[in-house]
Amino acid sequence: MKAAAGGNDKTIVVFSGDLDKVIAGFVIANGALAMGRKVTMFFTFWGLNALRRPETVPSLGKNLIEAAFGWMMPRGSRKLSLSRMSMGGIGGRLIRGIMRSKQVPALEEMMAMAIRSGASLVACQMSMELMGIRREELIDGIQVGGVAAYLEASEHADNNLFI
Amino acid sequence: MKAAAGGNDKTIVVFSGDLDKVIAGFVIANGALAMGRKVTMFFTFWGLNALRRPETVPSLGKNLIEAAFGWMMPRGSRKLSLSRMSMGGIGGRLIRGIMRSKQVPALEEMMAMAIRSGASLVACQMSMELMGIRREELIDGIQVGGVAAYLEASEHADNNLFI
Amino acid sequence: MKAAAGGNDKTIVVFSGDLDKVIAGFVIANGALAMGRKVTMFFTFWGLNALRRPETVPSLGKNLIEAAFGWMMPRGSRKLSLSRMSMGGIGGRLIRGIMRSKQVPALEEMMAMAIRSGASLVACQMSMELMGIRREELIDGIQVGGVAAYLEASEHADNNLFI
């Protein structure tokens, strides 16, 4: 494969499903989008949970383990908890309250803003298979892709983070 | 905005406030400074705690939640604990003791060395607002900046880490 | 030192010893190797555990603290546990079982594949000293190096992750 020519795109692997880390990822993504940069966010492992629809999606044909995983993992961005000082979910609600009071957009607004500004949000195909997450469970506007797609995007980027 | 021309600078987003991760960040930063590279470290969320002064700073006009956060979070680099095997603080003290016995500089010396060698240590403005941390609470030699400053620095860098 | 000319290599600092993060690192590494890219993985702190031999290595002349660390930390990739939903090791076994059933190569196969494809797996010298891990305890095919080696490799890379 020919070597890519570089560029000013940004990629972020969102591996973590921690509320604070996902917020940090979208703050950086929206900052880069505001500078006119192309942004690709690649959601893998626990990061996938940020992309789940909040409501139950019926009859997905999951096996027992997939159903158990799906039930135990947070369903959507509103269910994510802090990486620290989570205090059974209180920490996350506190941070959301503080963000509101300081007029910082909520995570869900940041996500909508990123999608509207043209960011590519890609769900990692292998992680979806491993965790038994179906495409129908993901919010709208999400692509599905593999590691090759991620690496290709990263070769046009000057900033590649793993969060 | 014009695309940046690349360069050999380094940036590190210090999101984590874990002792071991912050040490890793400063080892990389000081290595790059020794090579003559420009280094920008951007402290956000729990990473901010590494920059706090150890002593209480009076009358900062914090509200109740800000005061509670300030009280619960570690005040300065000496209070950080390990991401694993923390064992109620014993793990951190153990690692510090081992570093001393192996003549590895302590985290505080690494931080002073980085500042002396010209690293830019930037506290994330949004995180300071969210966590109610005031400029007066931070050690000397710290700048305050936003995501745009981080992204601009990163466009002159060939290595951008998120720790 | 002369500024490096850029390039399409990849580097990954494997700081974490979490099974899921190490898997993610090797998925990215093997993806890049399949594209013909040069890959350097730098194992530091808990990441070193992924490189340990499963069997005990006798008479390494460790002091008490080093022996204790060695005993408490996971000995090799098969002993790593998940960063979340670990459930006392059940989570890790579950993920390994799912990977097998979906015909995804096991972590150990991914590691062997990366080494066979020419990836440089480097154990961080300073971390080895701090954690009292001896070269004889590491699996075959591992180099030992310091932060300067890491930084030099990273200056020929367009993607540098910290995992």
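Note that the chains are named A, B and C in the order they appear, and that numbering of residues resets to 1 at the start of each chain.
Quick note on the criterion: a residue touches a chain if its C-beta (ideal position, glycine included) is under 8 Å from a C-beta of that chain, and two chains touch if they have at least 3 such contacts.
A quick note: this is a predicted structure, and the numbers were derived from the prediction, not measured.
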Nearest 5 degrees is plenty: how much rotation brings the CA atoms of subunit A onto those of subunit C?
120
Classification of the subunit B:subunit C interface as same or different, half of numbers criterion
different
Using Cα averages as centroids, what's the distance between subunit B and subunit C in whole Å?
25
Multi-chain contacts in subunit A: which residues touch at least two other chains?
6, 158, 160-162
So in the complex, the part of subunit A that touches subunit B is made up of which residues?
6-8, 10, 20-21, 24, 27-28, 31-32, 34-37, 83-85, 94-95, 97-99, 102, 104, 158-163
Within their complex, subunit C touches subunit B through residues 1, 3-4, 6, 13, 15, 17, 44-46, 65, 72-73, 126, 129-130, 132, 146-148, 150-151, 154-155, 157-158, 160-162
